[in-house]
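In order of appearance the chains are A, B and C, and numbering begins at 1 in each one.
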Amino acid sequence: MKYYRSHVLVCVDPECLQKGAHELVDALQDELVATGLIDEVQVLETSRIGGCSLGPEMMVYPEGIHYVGVTPDDVPYLVEEHFLKGRVVNKFQTPVTKAVDEELGAPTQKEVRIVLRNCGKIDPENIEDYIAEDGYQALAKVLTEMKPEEVIDTVLKSGLRGRGGAGFPTGKKWQFTRQAPGDIKYVVCNADEGDPGAFMNRRVLEGDPHSVIEGMAIAAYAIGAHQGYIYCRAEYPVAVSTLNIAIQQARNLGLLGKDILGSGFDFDLEVRMGAGAFVCGEETALIASIEGRRGEPRPRPPFPAVQGLWNKPTNVNNVETYSVVPQIILKGAEWYASYGTEKSKGTKTFALAGDLNHTGLIEVPFGITLREIIYDVGGGIKDGKAFKAVQIGGPMGGCVPAEYLDLPLDYESLAQAGTIMGSGGMIVLDEDTCMVDVARYFMDFTQEESCGKCTPCRVGTRRILEILTRICEGKGRDGDIELLEDLCQEIRTNSLCGLGQGAPNPVVSTLRYFRHEYEAHIYEKRCPAKVCRALIRYEISPEACTGCTVCARNCPVNAISGERRQTHVIDPDTCIRCGICMQVCNFNAVIIN
Amino acid sequence: MSVEIKRSEKVIEVVNSAIEKYGAKREELIPILNEVNRQLGYIPTEAMEEISRRLKEPKSTLFGVASFYHMLSTKPRGRHVIQFCESAPCHVVGGREVFEALKEELQIEPNETTPDGKWTLITTSCLGVCSVGPVVVIDEDIYGNVDARKIPEILARYE
Amino acid sequence: MPTIKSLEDLKKIREEALEKRKVKSASGQIQVIVGMGTCGIAAGARDAMKAILETIQNENLEGVIVTQTGCIGLCEKEPIVQVVVGDQPKVTYGKVSPDIARQIMKEHVKNGHVVKEYVIQV
C-alpha cells in the first residue's frame, strides 16, 4: 500500500481557477518532484474549501492548515518551509481560519459549527461515538453538580433564544414552566420541520440524535419533568428510525429511564409521528396532535408553559434549541454568548436555496451580514446574474431587497426589514424572478396548509391568492393593490395562530419593496421579469432567424409559420407560451417581449 | 359474499394488531390510524367503526382526525403510492417535467388511482432532501435526482 | 455494555471509546463510512453500501470496518463515501455510484491509491 504522509488539497472552484489554481497545482507538482517529495506528499484538486475570495487556496493535511493567496512563485519557499522543515508558513495563513479550524473544524471561515458539530462526523446509530465526543457529560454535570435553578440561570445567561422562529428566550420559557403550578410537567421537542427547503432539523435528528435527547433530558431536569415527547413529521421516516434507535441505546445504558446516573432523577422519551399537516409546527396544534386530535391551534394564553399537553405545564422547544444546550452547559454561558450580537447570541443554521452557486445547510454566528452569507458562504449568484431579493423565514417570511445586504443578521434586524428568522430558510432570487409570482407561490402554500379553524386565515388567504393569480394572468384591476393591503392587515391582526398572522408577509414585503412590479402587471399589463406567461410574448428576431424550421416543427399548437430559409413568425393568439421554441432554437432567435 | 367477509376479517385483524401495538388509548389514535393506513393503504369505514368501538370515541371524531391529515386516506388507494414532492426547491430543478412524466406514464392526475388498482399518485410537502431534488417516494423507497427519463425504469421495479 | 450508574462510569465509557478509536488508527485499520441520511439514501447510498459490502466479500478484504454517518451537509454530492486509512486524513468521495464504490474499494482500500477524480473537499 502506498501511504502519503501529507495531502495538499487545492481548491479549483471557478473563482480560484481564475486566480491561478491550476498554475499553483502544476508548480506544486514540479517542486515536489524537484525536491524528491513526490512520493510522500500528494496534491489533490478539490472544491469548496470556503475561502475562494482570498484564493487560490489550499488545505494541507494532516495538519489541517489553510493557506490562501499562494502564487507559483511562492511555491519553492512554501514547500521547503512546510514539507522539508515542517514549519507552518504564517504569512499565507488567515488568522481567522486558524482559530475556527482549531476550535470547531468548520469548513469555511464564516461558519461556526455548534449545532452541526457532530453531523456527518459520528455514527448516529452508535451511542459510543457520541459519548466519545463528550456526549452526556453535560447531563452528568447538571445531575451531579447543578441545581435546576442553576441550569436555568446558565441558559438565561447564554442568551439562547428559541430556534423555531419566534426567538423567545429559552431560559425564560424554562423558568415559566418550572414556576407553573402542578406536579406533572412535560418537555416536548418540535421536530415538525415543514418549511419547504428547510432541512436543518432533519440533519440534526439523523446525524446527531443524542444531542437532542441529552438537551431534552437537561431541560426536563431544569423544569421538573419526567416524560418527554419528540414530535417528528411523518415525511422524515429516517429521522424517526434514527431517533428510536438512539432512545433505545440511551435506555440500555441507563441514560434514560429511572434513577439516571444514580442521581434519583427519572426521565424517559417517546417519539410521536405526525401525519402530514404543516400547521402542526405551531405549538398548540402540535400538542393537539400528540393528544390524538386534529392538529388545530388554539388561542394563547394560556401558553403551553402553563397549560400544555393534557393541560399540564409543558416546555416546547425546537430541535436546534435543545441540541445546543449540552454545549452551553459544558463550555459555559460566556463561551456561547461570545458568538453573535448583543440581543441574538450564538449561531443559527440556515438552509440556502435558490439561484446561488453553493446551496445547502450552513451554520453562522448572528451578526453576519446577508452579503457575507450570499457571496462568501453561498459563492454568489449563479451564472453571474444580479441579486434581486432573498426570501427569509419560510412561507411566513418576507422578501428582503438588495438595500439590506449589509444588515447584520439577528431577530430584531430581520423584523425591521419586514421578515422573520423563522426556521432559517433562505431562498435567494436573482434578477429574472417576478416578485408577484413569488408572493403567489407562497400564498398558494399557506392557503393549502391553512387548517381552516379561523375565518381570516381560511378565507383571507384564498382571496389573496385569487387576486394575485388574476394579477399574474394579466387581469389585475385598479384597486387590487389597496385591496391586498387591506386584506393583509385583516388577516395579520385577526388570525388565531402564527400561520395566519404570518401568511400575509410575502405579500406585504413584496408590496413594500417591489410595488412597481405589481403596478406594471396591473396598469401596463407587463411582467418586468418576463415570467408571467399571460403577460409575455414570444417573438422571433428576423436578424437571428435562419429559417431552419426547428421551432415550427416542435410547436405543439402550430403557432409558428414560415417558409424554409425565411424568417418565421409566431402567432400570438395561438401561442400558449410553453417556451419550447426558445429551448429548441439553435440560434437564440426566439426572444421574450 | 365470502370475499367481503374475508376482507372485513382482514380489516378487523389489522385494527386489532394496531390497537394491541399502541394500546386502546385516545392519545394513540394517530399512531393507530397511521398503522391501519400503512397496512391497508387507506382507512376503510369498517376499520373506523372498529376503532370507534374499541377506543370509545365517536366515529365523527375519528373521521375528523383522519380527514385532517394529508397522509391518512379514507378512500382506497392503489397497491403502490407514489408521493411527488411539489415544493419550490424541487420545482426549480426540473420537478415539473418529472411530474408530467409520471402523469403521462400512469395516465392519471394527482389523488387518482390507476384503473388496475396498482398506482396512486399524490403530492407531498417538502421532504427536506432538496439538494438531491427532484424527489419521488414510492411506498417507503425514496428516489433523488430523478429525471423524467428515469420514470419508466423506476416504475418497472414494482410488481 | 453495562448501564452507566455514575459520572465515573460515563467517563470510563468515553475513555474506552476514545481508546478504541486510537487503536483503530494506530493499527492501520481501514474505515469506510457511508452517508446514510435521507439525502444519501435518496441519491443511492444503499446501492453504494451494497457494492462496498459485496466487494469486501468478493475480494476477501480484511481489517475493513464499514460504518454509517448522517448528512454531512453536501447533499448535492451524495452518495458520499469516506475512507480513513489508519491515522491518515479522511478522504471524501462524492456522487459514488456502485461502480465508483467498487473502484474505491479496489484502488483505495485494497491498494492504497486515492481515486482522485471522485475526491471532494468538505
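Everything below uses one rule, namely that a residue touches a chain if its C-beta (ideal position, glycine included) is under 8 Å from a C-beta of that chain, and two chains touch if they have at least 3 such contacts.
Values in this document were obtained by computation on a predicted structure and should not be read as measured data.
More C-beta pairs in contact connect the chains of A-C than those of the other pair, out of A-C and A-B. With centres defined by CA atoms alone, the chain at the far end from chain B is C. Mean C-alpha positions place chain B and chain C at a centre distance of 35 Å. Rounded to whole angstrom units, the spacing between the C-alpha centres of chain A and chain B is 28. Each of the following residues of chain C touches two or more other chains: 38, 41, 74-76.
Of all residues in chain A, those touching 2 or more other chains are 202, 236-237, 359-360, listed in ascending order. Counting partners per residue, chain B has 127-131 as the residues that reach two or more other chains. If you check the complex, the residues on chain A that touch chain B are 193-199, 202, 234-237, 272-278, 289-296, 351, 353-354, 359-360, 427, 441, 449, 451.
Across the interface of their complex, chain C is touched by residues 1-4, 7, 9, 11, 42, 44-49, 59, 61-62, 107, 116, 119-126, 128-129, 131-132, 134-137, 140, 144, 202-203, 206-208, 236-239, 242, 252-255, 261-262, 359-362 of chain A. For chain B in complex with chain A, the touching residues are 25-31, 33-34, 64-65, 68-72, 87-89, 92, 124-131, 140. Chain B contributes residues 127-132, 135, 142-145 to its touches with chain C in the complex. For chain C in complex with chain B, the touching residues are 38-39, 41-44, 74-76, 78.
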